Structures are given as C-alpha cells and as structure tokens.
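Chains here go by letter, A, B, C and D, matching the order in which they are written, and residues are numbered from 1 within each.
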Amino acid sequence: MSQRHRAVVLGATGTVGQKLVHLLRDHPSFEVAAVAASERSAGRSYRDAVHWMEPGSPPEAVANLIVQTVDDDFDCDLAFSALGSSVASVVEPRLAAAGIPVVSNASALRMDPATPLVVPEVNPDHLELSQFPSVGAPIVTNPNCATVGLVMVLKPLHDAFGINAVHVTTLQAVSGAGYPGLSALDILGDAVPFIPGEEEKLCTEPLKILGRRRGGRIEPASMTISAQTTRVPVLDGHLLCVSLRLRQAASPIEVAEELAAFRGRIAGLDLPSAPDNPITVLAGDEPPTPRRHAGAGGGMTVTVGRIRRCPVHDIRLVALVNNTVRGAAGAAILNAELMVKRGLIGASATEARKAS
Amino acid sequence: MSQRHRAVVLGATGTVGQKLVHLLRDHPSFEVAAVAASERSAGRSYRDAVHWMEPGSPPEAVANLIVQTVDDDFDCDLAFSALGSSVASVVEPRLAAAGIPVVSNASALRMDPATPLVVPEVNPDHLELSQFPSVGAPIVTNPNCATVGLVMVLKPLHDAFGINAVHVTTLQAVSGAGYPGLSALDILGDAVPFIPGEEEKLCTEPLKILGRRRGGRIEPASMTISAQTTRVPVLDGHLLCVSLRLRQAASPIEVAEELAAFRGRIAGLDLPSAPDNPITVLAGDEPPTPRRHAGAGGGMTVTVGRIRRCPVHDIRLVALVNNTVRGAAGAAILNAELMVKRGLIGASATEARKAS
Amino acid sequence: MSQRHRAVVLGATGTVGQKLVHLLRDHPSFEVAAVAASERSAGRSYRDAVHWMEPGSPPEAVANLIVQTVDDDFDCDLAFSALGSSVASVVEPRLAAAGIPVVSNASALRMDPATPLVVPEVNPDHLELSQFPSVGAPIVTNPNCATVGLVMVLKPLHDAFGINAVHVTTLQAVSGAGYPGLSALDILGDAVPFIPGEEEKLCTEPLKILGRRRGGRIEPASMTISAQTTRVPVLDGHLLCVSLRLRQAASPIEVAEELAAFRGRIAGLDLPSAPDNPITVLAGDEPPTPRRHAGAGGGMTVTVGRIRRCPVHDIRLVALVNNTVRGAAGAAILNAELMVKRGLIGASATEARKAS
Amino acid sequence: MSQRHRAVVLGATGTVGQKLVHLLRDHPSFEVAAVAASERSAGRSYRDAVHWMEPGSPPEAVANLIVQTVDDDFDCDLAFSALGSSVASVVEPRLAAAGIPVVSNASALRMDPATPLVVPEVNPDHLELSQFPSVGAPIVTNPNCATVGLVMVLKPLHDAFGINAVHVTTLQAVSGAGYPGLSALDILGDAVPFIPGEEEKLCTEPLKILGRRRGGRIEPASMTISAQTTRVPVLDGHLLCVSLRLRQAASPIEVAEELAAFRGRIAGLDLPSAPDNPITVLAGDEPPTPRRHAGAGGGMTVTVGRIRRCPVHDIRLVALVNNTVRGAAGAAILNAELMVKRGLIGASATEARKAS
C-alpha cells in the first residue's frame, strides 16, 4: 500500500460523503487526506462536525482532520464529490481547472456532453471523452442511484437482444434522499409515488450510458424509457420493477443466462471495489428484497429475480440495487479505480496533462 | 329501518369478516343475524372468538351471537362470504342451492362463467347473469382488492378512448394478506416484489369485469394486462402505478376529466355505501398515498394522481384503493345493496325464484 | 351556534396548529377568524401556505384566510397558541397585554408562577390564578403531551391513596416532534431513548398541576418523579409505563376502580370536547396500544391497562395518551371551553377586566 | 483447526437455530455435524427445509445435511438447543442422559436448581453445579434475551456498590419472538406493552445468575426486580431502561467507570466469541439505539448510555443488547466455549464422566 493517492472528499459530512469515508477506510489506492463541507461545518474536526451514521466511528485519521470549505484549495491527487447539484456545478469545474481530477456523484454535470457518465462494467470507454481535457483535469460522473441498477440490467440484454422500450416502476429507500431527507411523518407506514426530479434522470441517463462514443461525443442509445418512482419505508436498497420490449425474441431462460453471465468490460482489471459478479440471478419465484440482498457483493452486486414473460412487452423482471454503495459512493470509487488503471489519476496523469 | 334483511357473515372472525361486521353496524338494509367461522371458533360467543382489530369493540348485538360453523344451516336472507377460497368453493354453492343469495369476497368462483363478478359502478348489468339461476339463489362475487382499483380507473377510459394494453405495478398493504398474514420479520423495513397468485388475478379479472354480457355469458374485454405486485410495510391502501396504451389519442387533461366526471352506472340509485365520487383526481404532482387517501369517501373512493404522458405507452397515472373497504368488505356490501335494488335479495326474490 | 367567539390560531401551519384548525371545524363556541404563522407563510392563503396533514382538506372558510404574521394585531376574542417556545415567550404576553386571552400549548410559560397550567379534569381551580391579571387578559397553558397522560392517571390515585414516588418510561410517537421533526433515517426501524428536554418537563409539570392553590400561588405536590423518555416509530399515541409508590396501600383492583370511576372536576359542565370518560381501563392482560386506543373518546380519553403489583414499588400500569389531541390541540381547546364557562373569554370577560 | 467438536443443532430451522448455524460457520472449536428439527422438516436437506433469514445462504456443508428429528440419536460431542420450551424439557434430558452435553437456549430448565444458568462474564463458576452430574452429561443454559443485557449491567455494579432494587422497562425487537412470531398487523406502526411470560423471566433469572454458589446449589441474590416489557417495530436489539437503588452511594461517573472497566470473569481465557469489551459506555446524552449499536462487538457487546441520577432511586441508565446474538445464539456458543476450556466438552470430559 506504499503510495496511495491523496483524496479530498467534498460534502464529507452528508450521507454519501460519510459512505465515501467509510468505504475508503483501508482502501489500497486512495487515502482521505482532506474533507470539505459547508461553512457551518468548516473549522471543526470531522469527528465533531459529522453526525456519523455508518457503523462504529469515523476512521481515526479522518476524524482528526479539520473540515475545510469547498472553496479552499486542496493539496490532493483527486476529489470525490458528494456535493449537492448547485454547489457542484461551481466547485467541480474549478477544481478540475486547477488540475485535480474530480470523481463526482453529483447530478450537475452528468448530462453535459463533454463529461463522461460512467458505470465501469457498462461503458468504460466513455472515460476517453475526457482523457485529455483542453484545460486541467477530467471530471467523471456516476449516475443516479436508481439508474445504476437499471443500466446494469439493460446492458447485457441490449447487447444480446436489443431493447426498444423500457417500463420501470421503482420502490426507493429513504437513504436515497440524504439526511435529514424525508420527515418520518411523511413516510412511516406510507408509500409516496412521487420523487421530484427522479423520473427524468431515470429516463435520460441510461440513454447516455448505453450510448456509443463517436469521437468526442456520445450518441445516445435509441430506446424509450418510461419511469414511475416511489418512496417506501425501507432504509437501504432500491427495487426496480422492469418490463422490456426486445428487438429480438428471447425467453426468460435466455435472459437469465445473459444476466448471470454478465461480467462487464472491466473483468480482469482487478479493480478493488468490483464485485465478483456484477449481477446475481435468483431462481424461481424468489424475489430480491432490500433487507435480504442490498448487502450482496459488499453492496456492489445487483440482484435480479422474477424473470418472466410480460404479456404486454416481452420480459418482466425485478432488480435490487444498493443505492448508497453501487448507486452512489461505491460507484464513484469504482470509477476512480478505473481512472487509476487508465492513467487518469496520479503523477503521470498530471504530467501527461501538462505535456498536452 | 323497519325491516332489514338478515345476513349471516361467513368467515366472520377474519379480517374481512370483521370489516363486514364493522361496516354493517347500523346499516339501513342489512343486519348481522348470524356469524360463522371455523370449528375452532364455533360454539363461543363472537366476542370471545374474535381477535377484534377494528376500532372500539364489536357491535353489542353481534358480540353476543354464538359463532356457528360454516356447515350449519342459517335462517337468513343472504350470506356475506369472507371465506378462504377452498372452503368457499364448497360452502357457497351449498347455501345458494338452499336458496340463500351469497355475496362473496372469495376468489373461488370469480372466474366461473355462470357467476357474476361485479363492481356496481362498472358492470351492474353482469348481475343479470344469475338473475334466475336454474336452481336456488345467486352467488355474486366482487374482485380481488387490487383489481377493484384498477377496473375503476380503466372503465371510464376504456369507454372514452379504448384501452389496448395496461402495465401495472402495485404497492400493496399488509392488511391485504389477512391475519396473521405476513410475519413482521418478512416485511418490517422491507418490500417484497412477489405475492403468490396475485398477478394472475390482476391480469384476468378486469377482462371479465370490463367484458360485454351476451345473453348468459360474458365476452371478455380485449386488452392485455401485465402486472407486477409488491408488498410494502403499509397498513391499509394499495397503490397502483399504471401505464396505458389507448386506442384513441387522449391528453392527460382529457384523461383527468373523464376520471373526475365518472359517476358509474349506479348514479341515482342511492345505494347507501356508494361514495359521492367513485374517483377523485388530484391536481399537479400531488401523489395519492395510503395514509392520506385510503379514507376517502369512507374508503369507497379511488384516488388518482400524477396523470401524465407515458413515453412508451400513452398515459401514466397512480391510483390508490382502500383494499379492505372498496377492495373487499365494502365491495361486497355495495354489491348486496345493488342486489336489493334489483330484487335479487328479499322475500320477493325468494318467491320469484320459487315461481321460476 | 348564534355567536361564536372569534379565535386566531398562532402557528397555524404547524402540526399542532393544523390539529387546532381541524378540531375547531364546526366547534359550537369558537370559530377560526384569523391564522398567523412565520414570515415565510405570511401573505399567502392558508390553503397555499399549509402542508396539510389532517384528513381531507382544510375547512373552506379557513383555507381562504390570508396568513398573518404573529406580530400583527388581531381582531379576536381569544388566541390559540401553537407557537414554538421562544416565539411564544414574546408574542403571548403581548397579546394578553392587549386584552386577548391566550390559550397556549407552548412550553414557554407553563412553569411561570403567575400562569395557570391546567388540565380541566384535574385542576380547574388553578384557572383562578389569573382570573384578574393586573393588566390585560389571562394566558392559560396546557402541559406537555406526555405529562397530560401522566397527571390524568396520577390525579385519582393521589386523591385516593397518596403518591410518594413515580417511575415512568415513555414510548413516544413521532408526531410529538412536529413537522418535519425527526428524519426518517433516525427512527425507521429504530427506537431512540433520548428526547431533549422532555424528561425535565415530565418530572416538574405534574407537580405544579397536582399542586394546591394557596391564594395567588401554587404549592407543588410533594412527590418525586423519575422519567425516561424514548421515541419509537409510531405515528400517534404516547405510551407511559408507570410504577407508583403509594402512601396508603391499595390493590390493583382498587386502583382500577378509582381510575375507571374518575370523572374529573368538570363533570356536569358539559364542555363540548370533554370525553364521556377521561380514563378507560382495560381488563386482564390486554395492553393499550397506540394504533388501537389513540382514537378513544375522539382522542381525549386516556386508556389504562396492565394494572398489577410492582415488586419494587406498589403498582405498575401502562397508560396511552393521544399526544396530538389530548396532549396538545384538544387540551388547549378543552381549556378554552372551560374558560368560557368561567367567564374568562368573551365580552363580559373583557368588560370585567376593564372594570377591575 | 485440527479437531473440532462435532455439534448437533436442535431446532436448526428456527431463527435461533439459523443464527447458531450462521455463527458457527468457520468456528475454531465446533462444527455443525447434524441438524434436527420438527417432523415437518425431517428427511429434507437443510437447504430445502430452512427459510433462511441470515445473510447470503446457509454454509454449504450444513446446507447438504439431511434434517433429522429431535428424537433421533446423534453421533456428536455436544448439542446446541434452540428448541421450544416444551420440547426441550423432554429432549434435552434424554440427550444429556445419553452422554451428550447440551448447551441450551431454551427456557425449560433455566430455573431448575441442578442446571446452571450461565453468562460467562458474570457467573462462570456456576458451571461447576453440573460438572459431575450423577448420570450422563451436563445441560448448561443461557438466560432469556433481555435478561442477558440486564445481568451484564447489574453484575459490575452489584459487585462494586450492591443493588437493592431494579426497575426495568424494555423495548424489544420482533426477532425476539422468532418466526413467524408476530403478525405484521400487530406491530407495524404500533408498540405493544405486553409480552406473555417475559416479565417473569426478567424478574427471576437475574437473581439466580447473580446468586452465590453454595456447594451444589445457588443462593439467589437478594434484590428486587420490577419489569415492564414492550414490543416495538425494530428488527434486532432490545433496549433496557433501567433504574437502580444501590446499597452504597455512587455517582453517575463512578457507575460509568465500573461499567467501562468491566471485563468479566473470563478475561484472559481467550474464548473465540468473547468481545474485547463486554460493555461499551457512551458519553454525554448519546443514546444507545438498536440500529446503531446492535452490531457492537459482533453482537456480543452490551452498549450503555444516558447514565444519570434517578430522582427516585439512585441511578438511571439505558442498555442495548443484541437479542439474537448476545441474547441467544451467541450466548450459547460462548457457554460452549467456556465448557471446552473447563473440560466439560470433548473426549476427556466423556472419560471423566464415565470414571466418576
């Protein structure tokens, strides 16, 4: 673990920021060297500033860091961003311009044509969009928490059979709304079929991720997605109830086989956060459920079940994605691990950018 | 309230049976004159046999009744059946043969060609299927709890625009599983995308209800339904996330207007349990939710919201149905009220049947 | 209903404010003539300013009122205050000085020696503390939501047997924390044995309420209370697990009889919000529970169960109080009803105060 | 791991049985060599018979075992019993008589004078009660899930200051009721202040555990315990709200110090399941909560917080115990580990028993 890349976590006191700090504990390639948050937290030790919600206590080394503001300068090799969208749209470009690669969970730049929106198993080649940004370092984003689960399922099936249309209805956990997020009075014993802004993301982000890179731009995949998102009183784990219209006929068994066989385009790269299987398929009627399957593969495996014929389209199935790991912090870390492999993070990357 | 019809409640100690007893308290047309349940309860007073889950206590008059077995003979004008399917398939025909009209919430005979499956606002004319059964009295069934909500929404839109295809994903309350039903360990903080047998009902029952009566049989509606059902930790109220492919184009506003204007085919009959509006439409992004809207219209009104264009089909919307009232006990009572109006229950009905 | 007293509801958009508006719908003695809230809501119609959480919609007449700020002048006969403590400590004295009687749920002045802290069934004579305030109109407060439940139980037993010491552990609903109150992430599937400031109130307020009025002051009851409060994922209804050391021996049966016989010192006054029975006692091992008993007596009845010998003290029991009705809005309304009877609200009260 | 003791798990398909199978995965001293359950499960593979609720899947080696009935003979070195009380009272003595040491979580024999009721940190010497049973092998029991948490807290304080009286009110998780246990309809959004039989256990078991061994019998500790138990919608982790009357005055700080310093009477024995700290003490107002602290020390550490003066007794505090690990399966395993150290399990034990 000789030399680890020094990372700043932006928005470190929020739920995704905490998950980043938690998952980076003992990471072989990265160490948290700085933490930044809002003015309210700045100047205090991370230990005092954070309302820690992960198990145990914050890692000792991070707990003692003094929280900086996001407007500070950072002596770091990369930045993990768990910022809100409006702040991210200012801070992330500033850091990138200053030569610090930004690995972002924020939605601000996801659909920006020059910014890669990456799920390593699905579209690692999109990274090259920004391999040599004209100025400064790249910004690489990961998708919305529900989107990750959806594209993981769509990718192998789109490759194998082609997908024309997707109906998806989600049952999403409260952790997806951050902290404090939802009032207990709004969700206890209830289910709320409206999450502001969420359906738009679920309908557009997959098209970019599944799109084809043509030189410096992405040609979006040509399929149609219809999304209904709901919030349910579950802590962690988003369920996606999916119906697919395929271009080429496929039986439920063929679909199950494609999903179970999926290894993704980073197989063999040995990225530390990549699970053995990006997708696990349950047999028979066994349903994926948040409590039971959100922990699969350390939170990085998507669990699929109830694959069957759809009387209206072709195939129906249910997928479960851990929204805080695979859908947020773990997604960003896996992106950063891929960027290290591709030479986009680290000393040589800095030099290459300077030289270019 | 001079002369009320004397009813036996079959399965009176279960959750639907209790809801029947509760809703029939002070009913203008019916009085609970007998209660029947399994051998285990038989011979005890209803007060002692029931694990009462409705508010307050059982009505005094019913509390003092001695629970009979379902194999007994009943001196009654009608039977409300909240029996399980396998018991119902034996008991209900026996009572009907003995001249007692049966109003049933059981699934046993719903799809039987000679048995009407009725939602009064939607297909009251199906009652005539059994107006003059060859032998004995009629059996009239109401649909599955989620089906009721779906057909209430489909009916006005099918009449106005025609419906080709329906995608529905439900979020169903635990009360739909009866008592004891689900173990707390299986649903607390979780969501379970599988309810045995439920999707089949949701795909087939609406076709019969929306079908056309041709003499003594029903020609099912020609539309295709694809259903995914899920269980969520909610007490009462099933949410239906629906996407529709229409035969004739319609805007969300036109859809909202048709739904809000729907009065159903019993308007003017003044049935005691019929709500002022079978459907209430929420404006803008306001979502129907179980806790907020399950009580609408005394549990008999379906609440619809989030009506919008569907990128894949034509229209998406969300509906909320109270599964224990409109979806079960209230549905049966409304059917019985309609049967009284149509002369299918009561002395004259008995005479007519004898004469025929 | 000829002439109703015109009331302003202060803090009308909060949860207690909404409950006041809801409970005052069609009240025989009061009408909501004005609503006030924070600057953020002021100037908008109540309909638009409120995130309505009671059933249905706000009453039409109130929905159309324009929300005022709490610093405005009000042309009203009384004020119901659902303000936060710090705002209340400024606004309530100002209104009282201006001659408007204030009926307050705020904690600010509860322990103020010159301010009555009243539960009508328990200490209606404390009202006289402020019958003729030197300047302006009286301020009358009701206790903390858990305190109400406790004193209702303590009063008849203290009168009958004398109480030396009280151990109480509460399980409190999330509605007690207002809106947004607790984050769903802090309570879903969890229980939190700490509510800031709550235990102090539960240990001190009952002593004032059970105290004896000596001229213009209250001599607190001489008993000791030890309280542990916890928050649980329940919507409405606080449970109190109570153990009592009595001065005079009493059996569980005697305790049950005293509690069941309790009518309180307003019996016969015919106050509209007073329940038939302030306390209902359950037999045997049947436990009071929030879902089952919070609605008793329209939310104004306290339900007691599991009365038994305590191996350490003398008696153990469990009580359930509806925290938003009997513990907040209903408590204030019942106080106001009593004040009307006592001539503390209305034209004659105003004249009397002017004359004095 | 050369030679592990071969264990049969009795009641292996229940929740405690599953937790035993889960915790014994890769245990250094024990291997699950047989599983037994009711007639209904017998004859099927464990994989097919069990409704597995622990993470992932059952360990491969166990999954392939054929479930036996509890009346079978077992070729094993010890038995872990997760049987219900009535079955246990027959099966456990039979196995012990046959020479198989039984480590039992059942309540059947806990209060039997000749049977040790052991928490290793608290009363390891009670094991000697049965070191040389007149016939066969010993039966060693662990206490009720809530009792374990209570005695862990009482022990160091009783040793240091003496305890006269204990008031305890519990908030208990649903997993304590086993599977299916509670109906979701009975606990979702509710809290139930009655658990049949639980309070008796909490009042009596600690007196035996804290009692002194006098030759072949235990003289119970002389203190009085008053218990109120409640069930709350929490998955894992029982909260105990405790108030103590001490024999010798002690400040909250002194109490905190004694608890934090407690290592128990197995320190240095290096038992695999013993946590580093049997008790962790939280500072200030930070409350222990089930979700946050049930996992402490792998579920074997009791977390204590909110230590303060009690106005009625001397000290109030809150403790959190993981009911399925420290309170059941982990308790039994720790007992078995201690028995191995003491030579009560294994070949030498068998020989010693034969020789005696």
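Heads up, the rule we're going with is that a contact is a pair of C-beta atoms (placed from the backbone, for glycine too) under 8 Å apart; a residue touches a chain by one contact, two chains touch by 3 or more.
On a predicted model such as this, the values are computed, not experimentally measured, just so you know.
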- [ ] Name the chain pair with more contacting C-beta pairs, choosing from B-C and C-D.
- [x] C-D
- [ ] Please name the chain that ends up farthest from chain C once chain centres are defined by their CA atoms averaged.
- [x] A
Open item on the list: Rounded to a whole Å, what is the gap between the Cα centroids of chain A and chain C?
Closed with: 48
- [ ] Compute the distance, rounded to whole Å, between the mean C-alpha positions of chain B and chain C.
- [x] 41
Task: Separation of chain C from chain D, taking each centre as the mean of its C-alpha atoms, in whole Å - done: 43
Open item on the list: Where in chain C do residues touch two or more of the other chains?
Closed with: 188-189, 233, 235, 292
TODO: Please give the residue numbers of chain A that touch chain D in the complex, ascending.
DONE: 55, 188-189, 292, 295
Open item on the list: Touching residues of chain D toward chain C in the complex: what are they?
Closed with: 165-167, 169, 171, 189-194, 196, 203, 224-226, 228, 230, 232-235, 239, 241, 243, 245, 285-292, 305-306, 310-313, 316, 318
Open item on the list: Under the stated contact criterion, what part of chain B meets chain D in this complex?
Closed with: 15, 53, 174-175, 177, 179-189, 233, 235
